[in-house]
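One chain, chain A, appears in both complexes that follow, with chain B as partner in the first and chain C in the second.
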Partner chain A sequence: MSWYTLPTNVPWLSLVLVVPLVGALLVVLTPSVAGRVIKQLGILTAVITLALVLAIIGGFQQGVGGLHLQFEEVLRWIPSLGISYHLGIDGLSLFLLGLNALLFLIAIIVTDSATPRLKEFILLLLILEAATAGILLALDLILFYVFWEAMLVPLYFLIGVWGEGRRIYAAFKFLIYTVIGSFAMLIAILAVAGINFSQTGQLSFDWTVLVQHPAAGVWHLPGSLGSVGIPQLLFVGFALAFAIKMPIWPLHTWLPPAYTASPVPVVIVFAGLVSKLGAYGFIRFNLSLFPDAAHSLGGPLAVLATIGILYGAVMALAQTDLKRLVAYASMSHLGFIGLGIFAGNLLGIEGALVQMINHGVIIAALFLVVGMIERRAGTRLRGELRGLGATAPLFAALFLVVSLAALGLPGLNGFVGEFLIMLGAWSSFLPLAVGAGIGVVLAAWYVLRFYQGSTQDAPPHPASFPELRILDVGVLAPLLALMVVIGISPGFFPAAVDATVKALPVILR
Partner chain B sequence: MDILAPLVLLTPLAGFLVNALFGRLLPRRVVGWVGAGSIGLAFVFALLTLSQVLGGQKLDQSYFTWWQSADFNVPFNLYVDALSTLMILVITGVGFLIHLYSIGYMREDAGFSRFFAYMNLFVFSMLLLVLSGNLVFLIIGWALVGLSSYLLIGFWFERRSAVLAARKAFVMNTIGDVGMVFAAFLIFLNLRVLDFQGLFSRVHDLPKGGMVITSICLLLLVGAVAKSAQLPLHTWLPDAMEGPTPVSALIHAATMVTAGVYLVARMHLLYDWAPTAAATVAVIGGVTALFAATIGTAQVDIKRILAYSTMSQIGYMFLAVGIGAYTAGMFHFMTHAFFKALLFLAAGNVIHAFHEDQDIRHMGNLRAGLPVTFWTFLIGTLSISGFPIVTAGFWSKDEIIRAALTAAGSEYLLGILALLTAGLTAFYMFRLFIIAFGWEWMAHDDRHLHEAPPIQTIPIIVLAAGAVVAGYIPVASFLSPVFGQPVEVGTLAFWGLAGLTLAASAVGFAIAYVMYARRPQLAVAWRTRFAPIHALVEHKYYVDELYDRVFVRPGLALARFFNDVVEPRVIDGAVNGVAAFFLVEAREFRGIQTGRVRSYALVTLGGAVGVLLIVALYLGYLPWKLGA
Partner chain C sequence: MTINLSGLGIDYGAILPELIVVGTAIVVLFLDLVVPADRRGWLAGVTVVGLLAALAASFPLWGQDRAAFGDTVIADSLAAFFNVLLIAITILTALISPRFLRALDLDYGEYYILLLGATAGMMLLAAATSLMTIFLGIELLSVCLYVLSGFARTALRSQEAALKYLLLGGFATGFLLYGMALIYGATGSTTLRAIAAATTTAAASNVLLLVGIALLSVGLAFKVSAAPFHMWTPDVYEGAPTVVTTFMSVATKAAAFAAIGRIFIATFPSISSRWYFPLALIAIFSLFIGNLVAITQDNIKRMLAYSGIAHAGYILLGILPGTTQGFTATLFYIAAYAVMNFGAFAVVTAIGAGGEQTADLSYWRGLFYRRPFLATVMTIFMLSLAGIPPTVGFFAKLFVFQSLVTAQIWAPLVVAVIMTIVSFYYYLRVIVVMLAQPDGAVAENRVGFSTSTVLGAVAVATVFLGLFPSVVLDWASHAASLHF
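Right after this comes the complex of A and B.
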């Protein structure tokens, strides 16, 4: 079932990759002095991409069973090595692609026209958008790896060049962490294909091929060192890359400096989207290619995820810088997503999938709010803000909705994911669900301290705090709408993703 | 009825949306009438629902799907039976009167439209809570009433005390929400249903009194205890009096705080199946009733006294539903809604007259200045104290105490607690009445007191009428389709037991009368004589201080410790140590733009070479054995 059928002779998914790149090219060709034109070009590109993605979401066939992918495109690339340009979309990636397009549009809109080297800034954002979309669409492991690495470069420069505070330190730390993860993943990718070759005689890096033949075997270490399951080893290789990117505790220490250093448009896509790509990778690769290992290693990872929930929440309580506070809140919420994934059951994974969207929406909105505060008040230190609701009631009202979604208020979107994730976790690892429940209570505490601390009490400080402009409301509006719609009637979500999740090897096992 | 039930629900929602989105642009008159009118209209729809329920109809109608995946199927469905009908009548009926009153009470407040938006949001949420036909939307309603409560406690957000009180209420209620969510998990994982119809039909598949059903009921009780301010999650309610007085009347007296009672009554098939959990409900109720009543005797803030009285009266209701006297519990819920809303609204008039001073020691001699308020408050005091025959409180409270005293097991112990509470209730309510309304003028300056305008007195008069006649409403037979026919008691036993209650109340009244009206020096003497006990009670048994020392301060200290030590030294210290070990040369590149790119390229290149080596080894010749 779908709302309509898109013509099949159009390479829709490639268009999603090409449009931002064409936009980037046009930006390159525009003279640097034409700042307005460059920004408008960026916005136009992002709007077209979003429209394309929405068209794809509408044309997506619901309830198509198995691991069947839609809008598939396969082109020969390096046939001798079994590498191809293979794109496709299914329930795992569908809505994340929508989040990708939406957040990049918002990021470009909120980019300050007075940003130094605006041309390069927009250019890098557009390249980044193509790379992150590619990560979601790629079905060939090498192609995926290329996009994965391609994402790193613009992100690195966006933080290192346009960042604030200890930007060099932050960017470098992020880089080192990520490179280590990527390296582990690259080894694992090559090994997966190699093992598949030795088992089936077919050399392929294609996800749809590899998923049919889960790697097996045991690696007997030399001497009396015992043995290690090969799927477990490969699982760890992928997991390292994704765990760093999410991040899973204790691999998170790049996150607070990186988020804090990032300018607002960058942190929106960084926290809102890039972190979810790690979670996506876990489902797409770890759970699908190594279902047995996912079961044996899911427990320890779920423990780490739960520690992350509580650790992030406790750290958020201690923060005085609002950007750092949101960074740790983000980490705590990502712990929920991890917990759902590693619970390894239908409701846990579906909860994680919907929570990825919710997290992107909520965290992007929170960072937007922090940006609005900082621009108006000239500070983002909790202790220097007070009573802003008296001078900017509209701001306080919208901030309230965002805060409530962030603390998982039933009736808004955050609750939907947390409910399903904890239900999934409850049936796999009961004590961890209880730990997550404590995280929910802590979230109410630190979010309300954040919200009330800045908007309530008296007298207002700073005394003049301008009310929101139309543009501010405009960028928050789609996020707020999603919070309400997903919160009240999320039924469309399982309708689209259920078939894919049910077919995942980790579920079928 | 499948149209009527959503209409009951959507009318207050519409009122909320209008006032929230356009309230600042509309004239106050319109805002007030949209706010109150939407609740009035909902009351009309509730009356129509009543007529259909009296005609024997029920409703369990599904409107859309919230989530469906495998057998996890949660619809949005509404469930209307006698119990939910009683609830919506009280919510919209008493709610309407309180909204009317608010038009007068809040007329000079800058946040007039915000107030009505929040109030309508509350009524919508409360109606959702009682009309929902499944646990998920029950929880959503449950959390949304908590939200509206939070918003209204912190309504005057410039006041730090209000902000803190609101946060406290929200966080404590989140604990309850999590308990309910966990109860829903256990229900789903054991019975594979989340809708009431399915739940009620399958609950008997579980072993009676077993681990599962007991856990479910105890987890639900966590939610009920938090929402209804019962021990040990009660400390938010007195602080909640920071909100405007109509809020205290509607949310923190008549409706929301009784949601826990509704929950146990709604889930009565489960509690019947889990005797240990039901007994826990009863004990918590009985103990809270007495505990709160003792605190009520030593407070001087008129609203706080009423808050502790609410807590105590809800304790009665918990006691009732815990021992299976569901009808008695719901009956007391209804009469309490009338007399407690009345007491709060009348107190609001007094507070206004004294320019927001809430200390009863500064008040006095109100009969001449505020005659309507004086007489209605007296009616409320008589009703809550159980003045025989002519007050509603007599009939409902007596039913609870009788049920406890005549129950088969050791419930009579709880009955004794309830009797003591009855005596204390009469004592602290008449203490309040005599000091605040009584004969002696104790204020230092002579102020001219003015009675509130009719929009504030007429709702109180209507409630006072309810506080008298509500005792004659045949709630028991109305609710019998849900709970079955209650056990009949003989006339002799009835009056014998009623006599006990009356005696207890009479003693309480007599002591209050002697201590505060006849010989005030006695009160002073006793306070000095029993100073430690008085201090203990006056300070609410130091529970707030205890929670602050055990949870709040250690929590924040732990957070600071993690932030100052664990994160920078332990975790990041380890990371940086490893990095320093492997990437010593990285330091040389720091600060040089091209250098960092070069290091990245180096690492990647080195990695690629290593990988190729490994693959070559792997595909070509393996020095190690590869198992099957």
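Right after this comes the complex of A and C.
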């Protein structure tokens, strides 16, 4: 990194937001009969965005700036309330931004050109890309909230209109869960700024300001019900929003229907990226704004995360529908990320950040594989699939790499994150590390059963499963490359993350 | 504190915008005699020109503090704020009216006269600083609206709406007037300035005064359709011609809240502990009833009526802290509500130009495929009413919630947040219905040029103010700094 220096007079981060929106505008202006043009426009937009993000990653300088934030942009937005348009990027958000650009490009490429109302589909995907990028870049709490909520609308439509099965139910359940969390966070945001105002006399929603004065105080409940620490209360407000988004057990019940109902392009960004935004929010806001509360509440949350690992793994074992299987596997893996965050030490948090990227790559690849199986075989029920490898050896080979990464084989990326997280959990909460270890074993079980059951054995007669096309290999290739690269040189990520985490006022165990 | 006794303080400049609006009404009255029946669209043009003149005359009032006519009206920033808002609403209403009226065969000149009369009453209400002028303003706007509600003379629903509105409105006016009489009895004056002075002294604990305020609140709560004084709203909104509903759902509420602000924030701050609880209760009631009953509505006009009751609750929340910050949030919310709710009803109007049975939600099935423009702008308005960024409705709720957090008012805040989540259900349901596959071909009518321009402009404003709320917020903040 920092291979070169980007010119400073260009609003790079704003461009990352603006390019997808300009693409969306162009899509709007294109007549809906020109399906090919619309899809090409979408791909072009996503490619430009990815190029921009790669340029930013390349130009990122480690350990520069007060909180190691770079490419900062501050504009007055609502000055009378201390709300500003403040963007910035650091080790927490850098690689997630890259993941964001990559997954959206893949999602648009794998979008079937025959999708009904393709124009609106691409349009919503591009708007969603801008919103999720905004979540990663926003440093003003209100700005963050605006992006956080703005993400909801396109997702709701993408599931509710283009979904399958009980799509409206799934979209609605997802929406209601998310909105409940969002409003808890909104009140917490207002309260954080209010408390900061009463302590410092400065009304600001800026993360860089708020992070310097962690909220303190005790709220005495009416009557003699005792008292609650205000930081703990605010922590819970934020945590609710992020825990629902991740999701952390037991707030996960929206997930299986939503992932199952989503069309493949949507579930790639949904599972691959959106779930990580909850984890990102935990580190960015919960750990840094309320270090005391994070320290005292980290333990219970780590327990919930571990339950999530085991619950997701056991449920994944029980599924016959491959899409549901991967959905629960995703939940189990997110439990690892949660465990790493709440372990509250450097190893754990680094591991969580690395695992966020890994999980995005692996889950996106798994859902792609499920999509390919379903499109070719016409079913995604585990019992009806066997011997796919006989007629499609290349497919089986690539699938094997993805599977091995998913179960955490050393040398591939899944191992790096899980290992760091286990080390972190080991030093903070030993029993939970053991529980997580059981989760790894279960993961090997359900992943290998999925792989072996579908690709090996004798194929049915007549064997009709066609081999991958160039395009299919093309979309899997960058993900597979990342799996190998991260697996071989794991030091690449933690270096950037390390400095940022140390700069935050996080209380490490 | 001084009452201008030299003469009566006659100052026509202070009420110039109101005078222009009334003058325009008189001009239209006479023009109606000479304009041929098929050219009544011209009357809308004259109305708009007159309103634009009144708009221009409102700007100089900004930043003034000009009490006139024996302290019964005032030309200040708050009055200017509401003048601009109300005139803008009326202009937009006049622009979408001709097509709708022609389609329903209601194209009569009296419509514009009554519209202007109601607007003048609302503007007077926003500028009123005496119980008498408040009453005058309310009556002027109410009488015009009673007639407008029943303007579809051959439609039974419209007649029913007008009669219901008239009877209940008359009843509410009785409360209002009786309250005013009691307040006068307790304080010995009708001007808000003198009443404010009196309440800081011994009169503050006067039972007469408190009962008077309570009755006055009932009358005003009726006008803003806050629960439990909301019973008329769904029926009248449903029965009145849609274009009239569009106008009165936003304009009446705005004007009445101007009076509520002048009364509770400026006149009775010294006894805020007395009115806080009943007002909070009304707000909470409105939030509950509006949001919960809206869920069950299958008629979009009735749904929007209950949503309007809910929004009256949100706006009232801004009054509760009794602070300038809270009142700023209230004013911003009123402006935001005016934009987004006008838009939503205007879409219903545009669709209703083909006939009046189209407010039923089943008609909206698959609207995205039949009329993508209308469905898209409706989606924006629904998202804004629900309070999802980046729309103006989000910041409206944000500012109100923030004023409550600052004032540490928790219980109403919690109710408001929970009810906001509930409201997502019925706003998004409209979008879901519009996205569903259409059942079959339904006869179409085209949207006229002026209507689609208005709709487009309002939708753009909804999003634009959702991205850049600062300008309007600063105006609201300036207008909210009342002092007597």
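Following the convention adopted for this analysis, the second predicted complex is superposed on the first by the 498 of 509 C-alpha atoms of A that agree within 3 Å, B and C clash if a C-alpha of one lies under 4 Å from a C-alpha of the other, contacts with A are read in each partner's own complex, and residues count from 1 in each chain.
Assume a contact is a pair of C-beta atoms (placed from the backbone, for glycine too) under 8 Å apart; a residue touches a chain by one contact, two chains touch by 3 or more.
The structure presented is a predicted model; accordingly, all values stated were derived computationally and were not measured.
Participant: Could you look at A:Gly160 and tell me whether it touches chain B, chain C, both or neither (first, second, both, neither)?
Facilitator: In the superposition, A:Gly160 touches chain B and chain C alike.
Participant: Between chain B (first) and chain C (second), which, if any, makes contact with A:Lys502: first, second, both or neither?
Facilitator: Touch partner of A:Lys502: chain B, not chain C.
Participant: Does chain B (first) or chain C (second) touch A:Trp77, or do both, or does neither?
Facilitator: A:Trp77 sits against chain C, while chain B stays out of touch.
Participant: Output check: A:Phe183 vs chain B and chain C. Expected answer is one of first, second, both, neither. What do you get?
Facilitator: Touch status of A:Phe183: both partners.
Participant: Would you sort A:Pro490 into first (chain B), second (chain C), both or neither based on which partner it touches?
Facilitator: first
Participant: Looking at the overlay, does A:Gly437 come into contact with chain B only (first), chain C only (second), both, or neither?
Facilitator: First partner only, chain B.
Participant: With both complexes superposed on chain A, which partner does A:Leu480 reach: first (chain B), second (chain C), both or neither?
Facilitator: neither
Participant: Is A:Val47 in contact with chain B, with chain C, with both, or with neither (first, second, both, neither)?
Facilitator: In the superposition, A:Val47 contacts neither chain B nor chain C.
Participant: Which holds for A:Leu15: it touches chain B only (first), chain C only (second), both, or neither?
Facilitator: In the superposition, A:Leu15 touches no partner, neither chain B nor chain C.
Participant: Under the contact definition given at the top, report the residues of chain A touching chain B in one complex and chain C in the other.
Facilitator: 149, 156, 160, 168, 172, 175-176, 179, 183, 186-187, 190-191, 194, 197
Participant: Using the touch definition from the top, list the residues of chain A that touch chain C in their complex.
Facilitator: Result: residues 76-81, 142, 145-146, 149-150, 152-153, 156-157, 160-161, 168, 172, 175-176, 179-180, 183, 186-187, 190-191, 193-194, 197 of chain A touch chain C.
Participant: Write out the stretch or stretches of chain A touching chain B in their complex.
Facilitator: 149, 156, 160, 168, 171-172, 175-176, 179, 182-183, 186-187, 190-191, 194, 197-198, 216-222, 227, 230, 250, 253, 311, 314-315, 317-319, 346-347, 350, 387, 389-390, 393, 404, 407, 409-411, 415-416, 419-420, 422-423, 426-427, 433-434, 437-438, 440-441, 444-445, 448-449, 452, 455-459, 489-491, 493-495, 498, 501-502
Participant: Quick check on the complex: what are the chain C residues that touch chain A?
Facilitator: That would be residues 383, 388-390, 394-395, 398-399, 401-402, 405-406, 413, 417, 420-421, 424-425, 428, 432, 435, 468-470, 473-474, 477 of chain C.
Participant: For a test of understanding, state which residues of chain B touch chain A in their complex under the given definition.
Facilitator: Going by the criterion above, the answer is residues 24, 64-70, 72, 76, 136, 139-140, 142-144, 147, 154, 157-160, 163, 166-167, 170-171, 174-175, 177-178, 181-182, 185, 188-189, 555-556, 558-560, 562-564, 567, 571-572, 574-575, 579, 583, 586, 590-591, 593, 596, 600, 603-604, 607-608, 610-611, 614-615, 618-619, 623-628.
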